[in-house]
Each structure stands twice: as structure tokens, then as C-alpha cells.
Amino acid sequence: MGNITLKQVTKNFDGHEVIQPLDLSIENGEFVVFVGPSGCGKSTMLRMIAGLEDVSSGKIEIDGQDATETPPAKRGLAMVFQSYALYPHMSVRNNIAFPLKRTKMDAALIKDKVEKVAETLNLAAYLDRRPGQLSGGQRQRVAIGRAIVREPSAFLFDEPLSNLDAALRVNMRLEISQLHKDLKTTMIYVTHDQVEAMTMADKIVVFNAGNIEQVGSPMALYRHPVNKFVAGFIGSPKMNFIDIEETVEGQPVTCMGVRPEHLVLSDTAGTWKGKVGVLEHLGSDTFLHVDIPGVKLTVRADGNCPYEYGDEVYVSPIPNQVHYFDSIGNAVCNESIARTTASVSSISKTADS
Amino acid sequence: MRQAQLLRQKVLYSLLAWTVGIAIFFPILWTILTSFKTELEAVANDPSFLFFDWTLENYKTILNESRYFSHFWNSIVISLGSSVVGLLIAIPAAWAMAFVPNKHTKDVLMWMLSTKMLPPVGVLIPIYLLFRDFDLLDTKLGLVIVMTLINLPIMIWMLYTYFREIPSEVLEAARMDGASIGSEIVHVLLPIALPGIASTLLLNIILAWNEAFWTLILTAAKAAPLTAFIASYSSPEGLFYAKLSAASTLAIAPILIIGWFSQKQLVRGLTFGAVK
Amino acid sequence: MATTSSRFLGRAMVSPAVVLLFIWMIVPLAMTIYYSFLNYNLLMPGMQEFIGWLNYEYFLTDPAFLESFYNTLLLVCGVLAITIIGGTAIAVLLDQAIVGRNIVRILVLAPFFVMPTVSALVWKNMFMNPVNGLFAHLFTFFGFEAYDFLSQAPLASIILIVSWQWLPFAALILLTAIQSLDQEQLEAAELDGAGPMARFFLIVVPHLSRAITAVILIETIFLLSVFAEILVTTNGGPGYASTNITYLIYSQSLLDFDVGAGSAGGIIAVILANIVAIFLMRMIGKNLEK
């Protein structure tokens, strides 16, 4: 079992509130990703769940039991750290066996379990090496093995991939996702990388400045961000924001957001006229940075994009894919095609003049 | 051409460096050589450098004299004892300050350092009188206490700088893995910090072995370590150069060896981490 | 790593060290201050009475104090000058590509490990002795009069002995500092057209300034308390010619048994040492910030 519930949890450091009262419930078997910029409180939150930090007020429940005061070792959680935190003086075998040895388990049984875990993680050949003799990816696997072997009720990952190079990161991402499918254990995963959040999570929790901005499935967050922060944080490249003065469904809006993939280019006609700036060719896609008066837009086109630096193009948003935000950044309804078209045409006038 | 110039430079610098090195080492070398001479040769008017009758007589005399052994033993007990007791107090303290710092930690560290800045004469009289009243004068126990306390700040500082280089995540991992604080320290911290702990131990053995203020003041015959014993050769009747040399060679040899092993860590320890 | 229980444990683990050092420092220091206001002589027990600042007046106006203060100053500054300049030179030399560098380093470092009483006695008897010393033999060999170092230039001789002990310390620390200098910085300076002298004074010396400060401060702390070297060689004489403040206080307290005056001297020594200590602590404290 691995239900974790946070009730009005807060954290103060020297009178400074780093986590504001926060509620969250995590269901058994869920893969939950805490994502947000650095310093947003996501790691602190994870460490509070682990028991490595006190909560200042509020309650943490694990499987319905109040665990707020429980020491880390007794919470039945396993953690994988950013630096892997392997024991440098122990062999891989002893690293993985360490948590089991603390439980006074029978030595033969420990040996069995360690070897089984090593088998599943492709570490069998390295059991007698020291962490210092392993590559980054292998160390990461040992750290995961040390977590798995305890059969915890939930795994906590603290930015586990940020020390790996890009190619390895993609591999490990897949491996961790696969592991979750196999074990079906609750996982809480902290990252600042929205790509990891999008690709791995069942549920994303977006943190900002000690607050939860939004909780939801990756696609829900992508399609219906509740505010400008989430809209800008989820999705790559970033959503384009254009300042406007408009009334949408009777509410004043000050900003319009369109994702690069929801902009179309044309030689002849469109909402905005602009000049092509730098082009980034990724092979499958091309990202164009188009200067239109007052703002720079990022546009995603396909790999065979015919434009070149300095070309004149017209850019238009796909009508029902536009987001509106009010003056404090909250999203205003973004469903209606009719309203969208209406306002877009009105902006084009202001942009042209 | 450039290669020839580099070679010439290397030869020149090497010659210069070796000259300086041997000049600085010479008094020690001379002491060691003299310890193998007879007393007559030791004071000869045209001292011989290598061509004399090498003899072990001085060492035999020194070692047959049970007094020397007892002072040697005192030195070992005092330096080793104070270093081990010091470690037992310093390791938990350094652990706490490195891994559970609070807002007073820095002040406590600086205050500990400040005790090291206190000149010994500032507390000479009270310590002397207290030792007299508690019957600690001329006892090994008394000196172990003093050596432990005067070197404790250095030990804590050295260990602290070593511990701070250990990522706290490793200790947290142990805590998540179900280790108690005790087994966290014994199974994880100590093995990782072993090199640092070893050099802390060595540096403190050196400092305690060579300490020559309290050992001279607080001991007489019974508990005197080698520093005080050698000092007794300063009186005119003790003027036997060869035997003095043999006694000195024996007294400094263990520390020269330990010192050479720990020279790298010495810098950090003696500058309280200010230079690494 | 900060939960209430671990914080509590942290305090519990620091406290033995704190309590012990507190007892070691504060209690005797308070006693010294107390004694310094008493007329207290060990030869006349039971005759203690409060005499205010008289001990301080006595100690400070004693001609021996001025002389020993001056000697302390000379000793500290002399040794500092020799060890810093010599140490820098040795450090720069050992930083070059030389044959057998490790062995040379060991040779240079060795005196630091020699206990003060041994080095003082070796120098006194085997080198500076006017009859049998090696220097005397050398002097007569070259046709000079043998020179009695310890009675004719006692302070200078002690400065020489102490410098020999501390030169390795300065050299080792400065060598470590030089070796931590980023070679790319020197190469960049060379590309920018700086010659060897410019590189030494504009890059190496500023890089060393921190280590030099550390050496000065740490040596000063130890040099203010030089004791064994004086006790073994000259006993502070002739007269007070080689008495420093530490030795003066020792002789007043434990040779003349004047606890009151010795205590007043001790407090004065503490104040002098504190002036240096404040600078040292500030520098080390800055290092803690990183």
C-alpha cells in the first residue's frame, strides 16, 4: 500500500514560509511528479514526506496513519537521491544489502534478494565493485536497487537524473517508467524538467514559490493550464504570450497564450505579419523565431520548412487552441472558437497599426 | 634549443633545491651521525663527517638505562592517550556541527578556536595550583587531560572540515535505509571519513609528542615525557654529545616518520582549513 | 537533515566538547583574573589580600617587562620575516620541475617535527657551543675567533633556532598555496604578455597573500608563547636579554612564586594575544562562509 495524504502542511525556515498550507493526496500505485523551478519548495516537500525535514504544521498520513512524527526509517519509504548517495566504501552488493541488514534479516535471504534485484537491474556483473568504479548510469541503478530491495510502500526520487548526460537521461527515464509499470508501487518524483514530468507522470503537481499551482494529468495540464505560470512551465518550447486588452466572455483579459505548435505559417495571409529570425532545425521539426511588431513568436513547423532567415511570413493561431489570462495571470475560459477568432482579428489590427 | 635551455634550468634549480634541502636538514643529519660516534669523536676538534668508527654504544647505553624507556613510554601514553580521548569527544561534536548545524554552530566553532588562541601563561598559575590540589602534578593522567584539551579545538576543526566534504545525502540515505544515528555514524560516516580521521589522529600525536610547555611545567621525574627528559640534558653535567644525539634521534624518529606520512593533511589541520 | 530529534541529538553531541573547553578556558582564566588582584605569594600561604591594580602596576613598570616585551616583539617579527621570506623562496623553488622533489620536500619539512627541546639542545651544544660546536670549529678553521652565540647574541641565536623550526611550516603552507594556483591563469598572463617577474608579483603573490596571512597569524600565536627554547638554552639570560613575556611570567610565578604579579602578567599576555587572535579569527571565520 502507498497512499500518502498531506493535510495543511507548511514549512518555515527562520520565520520565512517556504511551503504555504498545502493539501495533496496521492493514491496507491500512482506516479506523481513534483515539478517547478528551483527554490519552489518541491524538494523540501519531498524531504518532509521522507521525514528528513520536520513539518512546521499540518499532517502527513501514510496509508491512513499519521506519520508526521515518525522517523524516516520507520515510514516504509525508499529514496533515490540526486547524487545517488551510494556508500562509497561498500561494494555494490553491500550497498544494496545495507537496508536489509538494518532489519536483522537472515543473511542467506539478503543474498538472495540482492542478487534478484541486481539481476533485474543488469547489475549482476558489478556486484563486487565499488561505486567509484561504476559509470553514472550504473550508479543510478545501484541507488534504485537499494531502494527496490526494501520493497517500500512508496519510492521517493529527488531529481535522480539531473547528474546524467542527455542520452542516458532518456534511457533511465524509460527504465524508471518501466519499473513503475512492473512494480505498481507509488512513486513520487521531483524534477525541474517538465519533459520528465510530462513523459513519466500519472499526475503532475506544479509547484511555484511554496504553493501548488495545479494538479492534474500531463495532458490536462497541457490543455487546460489554470494560470499563466503553469501554461508557461508545461510544454516545450514555451508558450508564446502576447499582451492584449480585451474582454472575453464578459471578463477582462490582459494576455493571450498560444503554443508554438498551434501557430501556422503562410506566405500570403494571416493574423500577424512578421520576419523570420533564427531557425532551429531539429530534423523532425523546425522552430522559427518570428519577429512581429512588439513581440517575438516561436513557431513550430515541420522539418521541411521552406523559410529562411529574413523571410517575411504571416503567422496565425489555430483558432480553438488559444488561452487567455486575466491581469493576475489566471486562465479565462479558452473553449470557444467564435470568441477566439473575433479577438484575434481585433489584435491583428492593433499589431498592424 | 629550448629543450637544452629547459634542461639547464632544471639542473640549476635541482642543484639549488637540493642544497637548500640538505642545509635545512643538516642539524638533524648531524645529530644522527653524532649519535653513532664515541663521545671523544663527538667533540673532536676536526669533526669527521662519515669517516669515524661507527658505534652503537650510545644507543646501548641509553636503552639500558631504564629511565629512557619509561620516558619514552610516558610520551607514547600521553600523545596516544590524549589523541584517542580527543577523537572520542571530537567526532560526535564535529558530526553534529557538520551535519546538524544550527545558527550557533559558527559561533561555537569560532569560540573553540579562540580557546586555542589563549596563551598558556594566561592560565599557568590556576592550572598549576589546581593540579597541585588534585594531585595531578607529575602524573600521566594529568598530562593526558591537558593535551586532550589543548588539542581538542584543532581536532574538532580538522574533523569538521573533513566531514563537511561528505555529502549529507549519503547520511540521509542511511537514515532512510533504517540506520539509527549510531549505526549511521559507525557504518557510514566513520568509514568514509577514515582518511580524515587518521590524519587528525596523526597530527595530534605529533602535536602532543612535541608539546613543550605544559610537559615541562607539570612534570618532574615520574611522568616526564621525552620533551622534559631531553631538557634535563641542558644542565652542564649532562654534556655528553653522542648520548644526547642518540637520545634525541630516538625521540624524534617516530614523529619524523609519522610526520612524513601526514604532511599533506598537516596544512589543513594547522591552518584550521584556511589553506587546503 | 534538520528534524527536531536530530537537532536535539546534535546539541547533545556537541555539549561534551563545549563543556570541557568551557571549564578549561573560563574557569582558569577567571581564577587568573582573580589572583591578579591579590597580594598572593606561594611562599607565604594564607596572606592573600586584595590589592587592586597594584600587581598590574608592578608588572608593567618592572624594567624587565619592557625588555621582555621588546624581546617578544623582536622574536616574533624576526622569526616571521625569516620564515615568510625564506618560506616563499623555498616554496617557489620546490614548485619548479626539479629532480627528486618529494625527497627535497621531506628534507625541508623535517625540522618541524623535531621537538623544541631537542632542536634547542642540538643547536646549543652541537652548533653554537663556543668550544665544541660546529660553528666554533668552522670559525677557527677560517681563522676567526670562536663566537659564543648564546651569551653574546642570545636573542638572535634563539631567533635562529625558532626560525629553523618554523621555516618548514611556512614553506609547506606556501607551497600548497602555490600548487593550488590555476596554471591556466599563468598561461593566460603569459599570452597577455606578462614576463616572469610580472607573473610572480601580479599573479603568484596576490594568490599567496591569503596563505601568507594565515602563516603570519598562526605563527604569531605560537611565537608569542615560545618557552622551551629559552628555558633550555639561556634561561632568559644573560640578565633579561633573552626573556620574553611568556618566560617572564613563568619565572615570576613558578620561580619567584609571586602568584599575583604572574597572574597580572598572564592577563596582559592574554590581551596581547587577543589582538592577534581577532584578526586570525576574522580571517578563518570568513572562510566558513563558503
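Every chain is named by a letter (A, B and C) in the order it is written, and numbering of its residues begins at 1.
Definition applied: a residue touches a chain if its C-beta (ideal position, glycine included) is under 8 Å from a C-beta of that chain, and two chains touch if they have at least 3 such contacts.
It should be emphasised that the depicted structure is a prediction, and the values quoted were computed from it without experimental measurement.
By count of C-beta pairs in contact, B-C exceeds the other of the chain pairs B-C and A-B. Innermost chain of the displayed assembly, by C-alpha centre distance to the whole-protein C-alpha centre, is B. Taking each chain's centre as the average of its CA atoms, chain A and chain C sit 58 Å apart. Per-chain CA centroids place chain B at a distance of 16 Å from chain C. The geometric centre of chain A is 55 Å away from that of chain B, both derived from CA atoms. The multi-chain contact residues of chain C, meaning those touching 2 or more other chains, are 1-2. Residue positions of chain A with contacts to 2 or more other chains are 52, 71. For chain B, residues that reach two or more other chains under the stated contact definition are 172.
Remark: chain C residues 1-2, 6-7, 9-14, 16-18, 20-21, 24-25, 27-29, 31-32, 35, 90, 93-94, 96-101, 103-127, 132, 134, 137, 164, 167-169, 172-173, 176-177, 180, 210-211, 214, 218, 221, 224-225, 227-228, 231-233, 245-246, 249-250, 253-254, 259, 262-263, 265-267, 269-270, 272-274, 276-277, 280-281, 283-285, 287-288 touch chain B in the complex. Here chain C touches chain A in the complex through residues 1-5, going by the rule given at the top. By the touch rule above, chain A contacts chain C in their complex via residues 51-54, 71. By the touch criterion stated above, chain B contacts chain C in their complex at residues 9-10, 13-14, 16-18, 20-22, 24-25, 27-28, 30-31, 34, 42-43, 45-47, 89-90, 92-93, 95-97, 99-102, 106, 108-130, 149, 152-153, 156, 168, 171-172, 181, 206, 209-210, 212-213, 216-217, 226-228, 230-231, 233-234, 239, 241, 244-245, 248, 251-252, 255-256, 258-260, 263, 266-267, 270-276. Of all residues in chain B, those touching chain A in their complex are 103, 167, 169-170, 172-180, 183, 187-188, 191-192, 194.
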